[in-house]
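Two complexes, one shared chain (chain A), two partners (chain B, chain C).
Up next is the complex of A and B:
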């Protein structure tokens, strides 16, 4: 039995703007075990970033976690609900047990402080190391993430680093206290393709080296295939489908997942295949549809889909699909139930 | 660094010479002269005066004469305030103006920046609304109205402050407040908006995601970045405030230097106008230098020697 790291239970997060309540995350449940790399994929605006910020309890005003629990399982089995912590208590976990890196490395480092300054600030925040020890630790971290000359470069300022190097420095800082969980929100989206691959490799390597779990957020299924063990497909602030990477890629059941597959280039041999975009646009989260958020765009939508969001139907121990087609009375369209795609 | 400073100082001297030159010839291009009166003086007297002050010599000769004086810090005699040189005028007025201006500048920074920070941190709260209301008043109400109100309320009605002059130390309070009004409001608003802008930045979110305490997020990560535009404003502001204000000094009967800027112009008192212009420009250039030094100290992307690393 694998040890759990995180349980997200019924989390709803909204932004109370002057236009009304933007329901960015509308009730999501999932678990993450030790050693897993969970990919969260979905079109932009589907609530991936808000989900990750909710886990970190970092949702900014006017946003708020309305409902649900974020249960973090500590190494010793102790369970804390992040949503119930004061911000001071939460700060002891952030950067220490759970760390996060963001999409844009160019703007995620403070331009007026050196890399060393920003790294040792975090190290000293969560450990008892003195300054010299913290600097040594920072250097070895930079080495671990592949900065060529940590000794010479640690005192550099962010503007002296390239985008890829900055993301490495940010990763080094994030893992500086050996977190149990690292959340990476589109960590490679802003980078060149070659650098992208290097950063993903690095994350995989670090996952093994310090035995942490990772939540990797992306809109790119290719990235997910590259590194994840498990996948969650999000749409309109809800989970459409989740499963192992094999299940999501070879036995997808949700029409949205299938649509995502058809809308991106597949392997080289299939390059002649036509790409099929998903028609329509994502739901308005100010006034989300009552039923399944994907129903207005879904080629298989039934009456019930418009009225009521589907529960998560269990396809296997690991695969769960929120789609009425999986109800026993529903029709079984060939392209979904023929098995592999 | 030393090389940079020497370069900057040489540039400053050169700039001042250009300013002096342009002012000199512009003034002579304006019709009328220091001895033009509504009731014209007899020709003989004007001739005698012109001769006394070398105004009858060729313009270029006068110009060289002036620059020669300038280089030895001799700004020449006033044409209208008899028996006084421009140096005398500055020596008698500047200390008072600079003292009042110095107190005002210091208070603007000491009060304006914290108020702006608090306002930003309490965005859209009653405190914020109140501060922003006052700040809006401060930038829109002209200083002569503020000055008049201070005199009316605190001197005439309440009798707490003297209404005239600075023989009593309490006399400084009115001029200082009237002088501060606009800039204090401006600095508060600027700090607030700059702070709000910086608090939205990704690196602030990174710091929070790393568990850095809110206090450090604000005072270490946000503030240093937020101060950059504030410093840009405060530098030239100090130059303007230290050299006095005609209106404020007039209303409070402060024997400062502010009035000579205006008097000099209305009187066509060439040397006084020149002196005031050069004095203000010198302050201004010096403050800009300080601002640039502050930039390079705050922001590592800005290198004093100009080249990128």
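Up next is the complex of A and C:
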């Protein structure tokens, strides 16, 4: 039996703007075990980033976690609910047990402090090391993430680093206290493909070396396929489908997941086939559809889809799909699944 | 396909002056586009790929003369645009249109959709001989909106009322409004969601068939470029590294950079046979300011380094006078013994040996002293590398 790291139960997060309530995350449940890399994939506005901010309890005014629990399992089996913690108590977990890296490595670093100062600030905050020891630790972390010549470069400022090196420095800082969970929110989106490849390799290597769990948030199915062990597909603030990486890529069941696969060119196929786009555009979260969020764009939508969102139907132990087509009374049109590889 | 070039780019250069200060010792030029040549045939889609900063967007912008080229020729339909004075550019600006990456920034927020699309039509006086030009323009706008999948009612709205995908459709309608021959698509789908990208790509393909358009498709998303392009040029640091048909380029890439670039694409296929065979490039793209005369890719290329092993005999002689390829680190002190690209003197060679380093990579000198030309290696397949033959034959590893 694998040890659990995180359980997310019925989390709803909204932002109260002058236009009304933006329901960014509308009730999601999932869990993460030790050593897993969970990919959360979705388009802009699907709620994937707000999910990660909710886990870190970083949702700021005008946003608010309205409902739900975020249960973090500590190494010793102790369970804490992040949503119930004061911000002061939460700070003990941030950086120590749960760390996060963001999309844009320039804005996450302070331009007026050297890399060394920023790293030892984090290290000293969470450990008892003195300054010299913290600097040594920072150097060995930089070496671990593949910065050539840490001795010479640790005193550089962020602008002297390239995008890929900045992201490496941030990863080094994030893993400085051996977190149990690392949340990476679009860590490679701002980087070029050759640099992206380096960072993805690094994340995989670190995951093995320090046995942490990773939640990787991205819009790129390729990145998910490359590193994840498990996948969650989000749309309109809800989970459409979740399963192992094999299930999501080879046996997708939700029309949205299938639609996503069909709208990207399959480089493996030699014959040029016309792309099959998903018609329409994503839902307005100020006024989300009452039923399944995908129903207005879904080619197989039924009456019930427009009225009520589907529960998660269990396809296998790991694969759960929120789609009424999997209800036993639903028609089973063959062509729905022909898009699956 | 008609094998007649619509656009011939010859030795195009675009340098930006980055010299700062009155007393600067030397001029600093950013070589954004540095001596590139290619043809685009009528009715085809030519893809230009590369990482950020490689000069692909600058190439597109220089072709429409949004930037004045530093040197070279842009021969469009037999006329060298580079030598056409600004005042006489108008008729060519109609024939070459552009679609931009950011659908938020490329539409004027204070103009209605009608104004945005009509602007080109009015500027180029397309309906001036018409009995009722206003009506004709209005009809044309409705027709365009319909063909890009929008409705008549949208004509009086402002850009902020549309989603990203819809805005990109307006941008396409604007480009089509003046009946262009060539459309330069500068990352037209990068800012869009995956499910919307396919809608726009399909639309571009339909218009190409319908109006016989020629596209220069600039993008960094390699799988989409492969899908849409007939031929592809790969750029790196202002240079063209390889030009081939898209199937050929993806199946048998020749240039080491293209190979690495292709293997870096994360495939949306977790159990693909090529998984694990990835070529991960070391390091970052070097600065494009005053680049040296050498292969631009040499600093990151896996073929431009030579492994020298210490077998006890002439290790020192082999490395003295050469340039070290990688930093050699003293792991105990996290301190570099030799920096990347440092010249190895006798003393340094002694230090290397003293530290017990038993192998070191040094730079292959031809890659670092001479610039390779883009040459035809096999039919319609051009590459710029000194050692293509050796690499293909496997004599260099």
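One rule holds in what follows: the second predicted complex is superposed on the first by the 332 of 341 C-alpha atoms of A that agree within 3 Å, B and C clash if a C-alpha of one lies under 4 Å from a C-alpha of the other, contacts with A are read in each partner's own complex, and residues count from 1 in each chain.
The rule is short, and it goes like this: a residue touches a chain if its C-beta (ideal position, glycine included) is under 8 Å from a C-beta of that chain, and two chains touch if they have at least 3 such contacts.
Computed from a predicted model, the values in this text were never measured in an experiment.
**Student:** Just from the overlay, do chain B and chain C fit on chain A, or is there a clash?
**Tutor:** Aligned on chain A, chain C fits beside chain B.
**Student:** On chain A, which partner's contacts cover more residues, chain B's or chain C's?
**Tutor:** Comparing chain B with chain C, the partner touching more chain A residues is C.
**Student:** After the superposition on A, what does A:24 contact: first (chain B), second (chain C), both or neither?
**Tutor:** neither
**Student:** From the CA centre of chain A, what is the angle out to the CA centres of chain B and chain C, nearest 10°?
**Tutor:** Computed angle, apex chain A: 70 degrees.
**Student:** Scan A:58 for contacts with chain B and chain C and give back first, second, both or neither.
**Tutor:** Touch partner of A:58: chain B, not chain C.
**Student:** Who does A:226 touch here: chain B (first), chain C (second), both, or neither?
**Tutor:** In the superposed model, A:226 contacts chain C only, not chain B.
**Student:** Going by the contact rule set out at the top, does A:148 touch chain B (first), chain C (second), both, or neither?
**Tutor:** A:148: touches chain C, not chain B.
**Student:** In the overlay, answer first, second, both or neither for which of chain B and chain C A:125 touches.
**Tutor:** After superposing on A, A:125 lies in contact with chain B but is clear of chain C.
**Student:** Going by the contact rule set out at the top, does A:162 touch chain B (first), chain C (second), both, or neither?
**Tutor:** second
**Student:** Looking at A:87 after the superposition, I want to know if it touches chain B, chain C, both of them or none. Which is it: first, second, both, neither?
**Tutor:** first
**Student:** Determine the nearest approach in Å between the Cα atoms of chain B and those of chain C after overlaying the two structures.
**Tutor:** Superposition on chain A places chain B and chain C at a least C-alpha distance of 8 Å.
**Student:** Show which residues of chain A both chain B and chain C reach, each in its own complex.
**Tutor:** No residue sits in both footprints.
**Student:** Spell out the part of chain B that touches chain A in their complex, as residue ranges.
**Tutor:** 201-203, 205-214, 216, 220-221, 224-225, 298-301, 309
**Student:** Please name which positions on chain A make contact with chain B in the complex.
**Tutor:** Interface residues on chain A, with respect to chain B: 56, 58, 87-88, 91-96, 99-100, 102, 104, 107-114, 121-122, 125-126, 157, 159-160, 170, 173-174.
**Student:** Across the complex, what residues on chain C touch chain A?
**Tutor:** 51-52, 163, 165-166, 193-199, 201-202, 205, 220, 222-224, 226-227, 247, 250, 260-261, 263-272, 278, 280-281, 284-285, 326-327, 329, 331, 333-336, 339-340
**Student:** With touch defined as at the start, can you tell me which chain A residues reach chain C in the complex?
**Tutor:** Contacts found on chain A: 43-44, 136, 139-140, 143, 148-152, 162-165, 192-198, 200-201, 219-226, 228, 245-246, 249-250, 259-268, 270, 272, 274-279, 281-282, 297, 341.
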